[in-house]
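One structure follows; several queries about it will come next.
A, B, C and D are the chain letters, set down in written order, and residue numbers restart from 1 in every chain.
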Amino acid sequence: MPRNSGIILSSRCVSGGDIERRTSSHAAVWFITFPCAMPTDNKRVRGPEVSQSPSLFLCEPAGALPSHGPRADGRQRDQVDVRPVFVRCGLVSQAKGSAYIEAGNTKLMCCVYGPRETERKDETDMKCGRLTTDMRFAPFSCPERGSWIQGSQDKDLSLMLHESLQPAVCLHKYPRSQIEVNVMVLENSGSVLAHAVTCASLALADAGIEMYDLVLGCSIRQDGTSYVVDPTYTEENRCSSVSSENQGGLTVAFLPSLNQISGLQSDGEMAEETLTAGVRTCIEGCYKLYPVIQQALAKAVRKAAPPPSES
Amino acid sequence: MAAGFKTAEPLEYHRSFLKENCRPDGRELSEFRTTTLNIGSISTADGSALVKVGNTTVICGIKAELTNPTVEAPGKGYIVPNVDLPPLCSSRFRPGPPSEQAQAASQFVADVIESSEVIQTEDLCIERGKLCWVLYCDLMCLDYDGNLLDACTIALLAALKNTKLPEVTISTETPEVNLAKTRGLHIHKHPVSASFCVFDDSILIVDPTAEEESLKTAQLTVVTDEEDRLCTVHKPGGTSLSGEKLQECISRATARQREIQKLIDKVTRSVKTAQ
Amino acid sequence: MQIFPPTPPLPVFPPCLSPGDKLCSVEDCIPGTGVYLRHGYIYSSLAGYVLRKNEGEELPVISVVRETETQLLPDVGAIVTCKVTSINPRFAKVHILYVGSTPLKDRFRGTIRKEDVRATEKDKVETYKSFRPGDIVLAKVISLGDVQSNYLLTTAENELGVVVAHSESGAQMVPISWCEMQCPRTHSKEFRKVARVQPEYLQA
Amino acid sequence: SRDELVCGSSNVSLREFGCEQSLLSRPDGSASFVQGDTSVLAGVYGPAEVKVSKEIYDRATLEVLIQPKVGLPSVRERSQEQCVRETCEASLLLTLHPRSSLTLVLQVLHDDGSLLSCFLNAACMALMDAGLPMSCLFCGVTCAIDADGQIITDPTAAQEKESRALMTFAIDSKECRVMMSSTKGSFSVHELQQCIAVSQKASEKIFQFYRDSVKRRYSKTL
């Protein structure tokens, strides 16, 4: 299934500190993938003009996924069944703070640089700092090879990541400076934005940047009445078997201890109550993830230095 | 006050160490940093490897795609290496088009592949004149602490050894890809690179860190294969180097080639037994 | 499949905090650094250890501290160590290397205006007689500067000014008075706004 | 015409060289260098104003731009730019012009083999013509090892194509040692040492050619 084909109706909900829903939805946008004929990019070694992925010519097409009963990797449907997560902090020597997360086959790395001088200064920089995010996919991260040039989907994800992190960082403590968050997806096996949010907030905490709270991400895929939590790549891109309404995906960025939602992205078409039920499931998924993240952070802090003697 | 001395006068700080034939991180002048290798960790790539030389981390993912060969070389496939230095690996790289260092590294890796003939592009041809493979070797630096070229060559070699190509048959007009039966690539040569830095036109150090690289007056990278033939002697300018010092570097590079080949074979065997 | 080699297990220590953990209510203690106030409760804003210090008054000061007191940003009044990058008759441009004793990973740009070089006879100052590119200077931040300019620094105190300077011949010069330094090799004198060396830095 | 100079096992034969200086009016220094049919035009601008982001406090910032004969500069040109830039940086006394910028533009007029060494020779002549302080001169020599092991200096494009290995060295004029080396194809250590020896011998002829052309240039104006 090529990465982004078919109708994507993306509606994005952005909220500042507390839950206040300002929905701005884009018109239906049709993405058609061409065989990747990239514009002539003379800053890189160039291969042939046009090349197709072998997955287009498979002799036996991949089997259709069961839409009820246990999921492909043994997890349960309609339950908050999140993939086990492997997390490490402080792996990149050059970065102020870094984090690496592995959920199933999804592998993500995030580095934080700063606070450093802002190149472009404007009025708002005087009072509070500026957060910049950059999310990229490695060309080998998806079943279909991506190009080195950052596509529009990567830019969109960077923007959503920025909206999810911005409310949680105490930017007023870093006037006139800029904090850069760079996320690199090494392998995309589903719910990339959710794990990127978690990994980015962990890297910020590891960098010693003051934050109101960690930000955890969780996503679900709604298919008719049943839903799957933390969907894998195939579940995310599977066309639905039963064509009823309530088809779509939902990603929530959640501040666990302040119990606030800082970012919500949903695509597809769902009824009101399905959406709110989905948000509640995602919040439950985030709470499941919270202890693992705290423990990883604690390990990184202890490794950095033993606790000061209690005065 | 040593920390102050290090940032205020970096060259003096390093010279004081080099006088006693050691370096700030405790290594001798001809000692490489610990090198660790991890093969096949990316399942969406046809072949992948992650290398850590000290702190410098490079991941190489190889994706194979189908295309038709050129008119001039109907029997040959393509191999397209590219090195990327994202803003993630060090604060000196800005987002945007690749910097000169990234492009020079890409050109270096392309030259090493071509000069050492690590794989024959004829092996990548499926149907002469009609269909062939193109191997996109994408190398990405995750943590830049100097000596990028060595880490890239090791990552590329390990990833090529880990690559599995599905079998393709052309019965009707369209090709048939059978993912069940896969074959590995035939690796003809094992090129391994060793990088050196020259300090004050005289002192020669191996495997420089980012700091030492910023203070160098010249840089030399020697690539040798298992038959001690030189594939590349890459010295992009800088102060001149005498014949004896060049000979010293070449002998150190051949020793390094043995070490790395043993490491790659050991890790490949352990991955095979694990499967 | 782990992608990085596992680190060895660590001994168990008292639990450390992550951002957003509720510490105590405002009545119990006074918020220090690394914490923030919300709806009458004190929350931690850093990942680190709790530190309760009671200085005299009845309520202890609670703060969350990380491994080193990482002063991340040069703020007003901080003593900074910087390297002079370029000078012109009106000001000298510098790169800030250190804030207090912590080195900065990324360089911040600063400016020392002519009238901030020294306290006495402000108008008769010539910048090329006070600093030269490449000198290491101790200075104090007086303002964060506005939209165009960067940090404004001053060296108008005795213990601020040039600390390390190289002469024309490249040797490191020795300060001989508050406004002159001498090159040990060529014995030539050069004008600098010299910082009076603090007693604790004078090693035996 | 190739003037033969037989030495050791291989003959150091160089193609017909030609050089013309200050032929362009806009740049501060310019030179055109012709080796056989390969010809390159070089222009030097500076020391001039430098962008704040590129400014170095104690030396000049050197930038090299290579324009191929046809099309846009690609990754290969960028790698050649790095080689030429770091060779020039080693020979120029950049600390005499701190916080300024030097720009060297190399335009390929025709490529018939040994292009990188022609870049180096043209660059050196242009820097001299611009009157920039240099600690030493440098020249470029390309050696090709053909199928049966013979070393050909300053090969043409045809000889380069069927050669087994190709090496380009920058030799400095003071100690005649290797400043820059860029190689293609695989070769043995002995072949490398042999090629370096041949290049050092060829460099003496090239430096003599430098002196003659500069003498000719200034004899006209004096």
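Everything that follows uses one rule, which is that a contact is a pair of C-beta atoms (placed from the backbone, for glycine too) under 8 Å apart; a residue touches a chain by one contact, two chains touch by 3 or more.
By chain, with names taken from UniProt: A = Exosome complex component MTR3; B = Ribosomal RNA-processing protein 43; C = Exosome complex component CSL4; D = Exosome complex component RRP46.
Just so it is clear, the structure is predicted and the values come from calculations on it, not from any experiment.
Two chain pairs, A-C and B-C, are weighed by contacting C-beta pairs, with A-C ahead. In whole angstrom, the spacing between the mean C-alpha positions of chain A and chain C is 37.
Chain centres here are Cα averages; for chain B and chain C they lie 40 Å apart. Taking each chain's centre as the average of its CA atoms, chain A and chain B sit 30 Å apart. Between chain B and chain D the centroid-to-centroid distance comes to 28 Å (mean Cα coordinates, whole Å). Shared interface positions of chain B, i.e. residues touching 2 or more other chains, are given as 41, 91, 103, 106-107, 110.
Among the residues of chain D, those in touch with two or more other chains are 75, 78. Chain A has residues 43-46, 91, 107, 113, 116, 186 in contact with two or more other chains.
Taken as a contact graph, with one node per protein chain and an edge wherever two chains touch, the assembly is complete, since every chain touches every other chain.
The touching residues of chain B, counted against chain C in their complex, run 1, 3-4, 7-9, 36, 38, 41, 50, 91.
Looking at the complex, you find that chain A touches chain B at residues 43-48, 50-55, 57-59, 91-95, 105, 107, 109-111, 113, 116, 134, 136, 138-143, 145, 148, 180, 182-184, 186-189.
Residues 75-76, 78-79, 81-90, 165, 167, 170, 172, 175, 177-189, 192-193, 196 of chain D are the ones that touch chain B when the two sit in their complex.
Those residues of chain C that touch chain A in the shared complex are 2-4, 7, 10, 13-16, 18-22, 34, 36, 38, 43, 45-49, 51-53, 65-68, 70, 72-73, 105-109, 144-148, 150. Put simply, chain C touches chain B in their complex at residues 1, 3-5, 81, 83, 97-98, 101, 103, 105-106, 136, 164, 201.
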